[in-house]
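Each chain gets a letter, A, B, C, D, E and F, in the order it is written, and its residues are counted from 1.
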């Protein structure tokens, strides 16, 4: 009965470590938040279940985990480790995003730039704590509040931190309704929160078709490092707006993005094996991540107040908070916080402009960081 | 005109062997069974056409076949040879399976365990005939009556037998309506076949959401080797039952599983080049496969009779036959054979409980075999 | 501020070359033709945007382009460079093609053979100009008027010309309404253009199921080199016609073909980096490509006139032009040109027969060329 | 070909018969396998049986699961949920026709 | 760049003109190619022409092809065919409205 | 494990504090990054602001964008557009029922 005894040594019970047990709890919490609180369920549910899968302890002679050459999870993880999945998700996002609000209120685009200050201040913080410049760049991008961008950049600059950065980015994106409101209330006065925006104008079809082409050329010429992410985003949007490629856009925003979302979330979760994941670095990354979301929110709000110094039609500074991206949750937060002060003030549509601008902004920031920090 | 003569030597007519001709006939029979008899058409039709493709003789200097480095079919076959396709199919199956019946009648789960005896007795038989332990394990899994599990395990334990094992597994799954009924009639009395089951109780949403999470943890802790298959199965089921990820579940059970099913069937068929496939071993595997299905059926039925010794509300032992999995065909066979004795006895819904338990059971068995037999 | 200066050197403005600028214009023209003229938008729109992406100049130390090892575009380009995408597209085309017209008028199949003369005469022309035999074969296949076939063959015979050949093939497929009509008018008399065709007969389900199986065996036995393309085409068609695999056919002709079409077009476009693409060879290839479409059209028309010498019920020779494939545009051109002479003469349905036969014909031609020209 | 040849060689050298089963630990593997499969499925069976009692004990603490709507992919709210939009125009036509026919026939 | 340069070299060294065609077996390739393409498509054409007669000869032995239903993926019968379920609520609303409006206007 | 260990070593050797920021060009990176992000989004913003004027200036030369139909995949016109075909029979039934019920109740 050696075989049975040998087998029992390979079971999870025999090999379970406190770290794995802790991570299993984290996975369960992610799933609970997704199902009970409806926090980004399309991301937290796959990541949560992936964490469960990644933290079942396994014998060393079986290639099972994300990091084991030749295992199925290793092949699926390829899409993450080589940065293939994020651009495909951007393609689908492009094919579902409507840039109309942004086209009708171009000045709000700048709020999407301001919120990226969170990225760079976090980078400085990470350097201060002792991370290398490359690591600091990858950690800073958490402040971009954009999962695919964070995965793409950390795969290039700091692959050994990819798991922690991805989990931090997605966790805080899910926690946007918790993190942002206090910062927003702190930095705005009651009268600022009451400002109403003018209704956006109607945007023509010609504008919507020309925009993705021109915006791609502008971004890619200025920051070629963002070429792939930005290219896929606007390519998807052109497929949507051109109307002659409707069937392609439809597949990109349904079957294709769903398949990639399932696999990406699952393997990102499965990459959090406690042995690799529970380190002092990961904890620091989580701390810096929370900081970066707060800074990004503050930057957006303060920049809106700064713009108001020069504008005749004032901007409601709450809208600046949507510049962090975390589409669409931070735009919803703006709506909710605005609602508290004036139940008849509807800011959601206006907040979408800095919201999608923030996606572009953090992709450009990623391109700059990649270009500057790569050897 | 050397070129023309040279070319004529590369045509199929010039190079055709009796083995290839025989396999072409097998392919045509598979397609005919799928279309005319409706036997598992989603599997037999792709496999059958794949057999045609794999048995057109080709010149050696062109990389065309599944085993030729750099050929298109070789790249597609990667999903089979590395075991990537089976977990993806399990993801889709999880997203379409309703475990309600099983949740309402937990004791029927044990029938899904009993039927796996077919796997292990076939393993002993294969060792007896002279197969190595690894080969015997891969052959035994045919008795699990689960195509993806069989492919996954043979890719790990005996890649050189993968084609024969896959074809045997899928053939007998299609032939379940032929193999099972005589065994079932032989081992049950008329009065046993007349036993009626109590109607299943209603299952709450909380139960259906908690089940995939808990069942995954139980299985993966006990048999980590089944981690990937079982993980994907219950992950898909959680996507379905959580309701907050409905769009992901929907893609997993339509576009994703369809694409993988097409490619998997096609390349499994194309891997049966007669030169590699028509061997004494393949014939032995086919013989052992038929045996394993019969043993599995008998084990399920007999274990149901054994359980009845202790139960107040007796189980109709026909239901034990559904424990082999081969979802949903063997559950239908139970319904049909029960119907013969009493046209008002509807066993289909009850048979689904051991049927899906059998899927779990054979995935666990595969995990144990992999763990025990791998070096 | 070295960092800023260094960064500015990596921007597109600093590195832009006249060649890249020219290609960006070409990309914009492709997109404009797709959206404004509705010329093959599902192909020209992805290719056009891909050309934009491929011609943004990038720093050498970032792996961004199609030809840079380890870049995302490189991984996606794998499907083109290894010929994986074309068979998958053929699978989808098979699942959407209705061969009924061809089954009801078998003699029109020969027109699909005649039009392939364009392939071989172009091959002679390319040899005459100084291309190697392998290169000449890959260039000749442009005359097959079938994008996936052209990509598949050039990946095998002349990978360094793949970009130019693919762009030429798709450009001329889009320009079929411009290239074909003058040739057709030149080679037919008014009275020939007025010939009416008999209405096609009804085709039975048995015929439609048996056809893909038998046609596959015939083609693959005669030209094994066409095995993969032809195999996928008829496999897709069997999935469609068998009716028992409707869900697989449906996914193959929607989600699957859409995903592959998006990626293939995009990376083919992105492979046209001016440094690699703007060469004397590319210009020659474009010239030969235009020639090959004209020759193919002429061959089809003239062969129809030749067949009329022996036929009682004359064929309208315009239909011969549809033999080039370029499905469905060349069939539409036949309808339009026929319409000019007699507004009540509807040739579209009849033109579909040589049109789909032309797809089969060029796949076989590709198989022969591969077999004859490969070492 | 090569794989096969290799397999053939192995096959020829293999033991067979009861000796092969004993040397290959066949019996131990079988017992281990069946034990584990039964243990796992019995554990699942017991868990399922205990689940309703567990849930009713937890009842007061358990959150109500709201009927959630399906969010678009966690990003891109500025989106057009394509599926909701494709009311088939033919369906609208059909409804229109049905209503029209109803009213016609009522007159 | 490298590929291209290499190709350029080949190109410069290549023969051209009629000599290149002869040396490269151009004529033989063309004849072979066209023969094979015609042979294959003629064979298909003949097969199609013979098919109706073949089928009517086989008629009595040929099974009727039943109208099959589409099975869910060969596994997982305990499934919910999702596509059948998604009657758009907006459509139901539209129908309801149409019927309501009809009745209103009839009064 | 290895990756981690390696990272740990790097981490231990790394500088930290203000010195690390200066040595790592942190300030320059931050300024460059923010400048580029603002430059790009400001350029987009200006382009968008100019777009309506640009379009109205180009107005007479701009082609009308016709409402295109969606072509099947650029090949295979002899196709069946599957999506158009799936009017749900249950919907037809529902419409039929609704109309029937309306007429019934009107009588």
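Operating definition for what follows: a residue touches a chain if its C-beta (ideal position, glycine included) is under 8 Å from a C-beta of that chain, and two chains touch if they have at least 3 such contacts.
Keep in mind it's a predicted model, so treat the numbers as computed, not measured.
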Chain at maximum distance from chain E, centres defined as averaged CA atoms: A
Of A-D and C-E, pair with higher C-beta contact tally: C-E
Whole-Å gap between the CA centroids of chain B and chain C: 40
Chain A and chain F, separation of their C-alpha mean positions in angstrom: 14
Residue numbers of chain C (touch at least two other chains): 3, 7, 35, 38, 41-42, 209, 222-223, 243-244, 247, 250, 254-255, 258, 261, 368, 372
Set of chain E residues in contact with two or more other chains: 25, 29, 32, 36, 65, 68, 71-73, 91, 95, 98-99, 102, 106
Touch list for chain B against partner chain E, complex: 1-4, 7, 35-36, 38, 40-43, 89, 92-93, 96-101, 146-147, 173, 240, 249-250, 253-254, 257-258, 261, 327-328, 331-332, 352, 355-356, 359
Chain C-facing residues of chain E, complex: 1, 3-4, 6-8, 10-11, 14-18, 20-21, 24-27, 29-30, 32-34, 36-49, 51-52, 55, 62, 65, 67-68, 70-73
Parts of chain A lying in touch with chain B, wherever the complex brings them together: 3, 6-7, 10-13, 16, 24, 28, 31, 34-35, 38, 41-42, 45-46, 49, 52-53, 56-59, 61-62, 64, 70-73, 75-76, 254-255, 258-259, 261-262, 266
Complex contacts: residues of chain B adjacent to chain D: 102-103, 106-107, 109-110, 112-113, 116-117, 119-121, 123-124, 127-133, 136-137, 159-161, 204-207, 209-211, 214-215, 218-219, 222-223, 243-244, 246-247, 275-276, 279, 281, 357, 360-361, 364-365, 368-369, 372-373
Chain A residues touching chain C - in the complex, by the definition given at the top: 82-84, 87, 91, 209, 213, 216-217, 220-225, 227-228, 231, 234-235, 238-239, 242-245, 247-248, 250-252, 254-256, 368, 370-372, 374-375
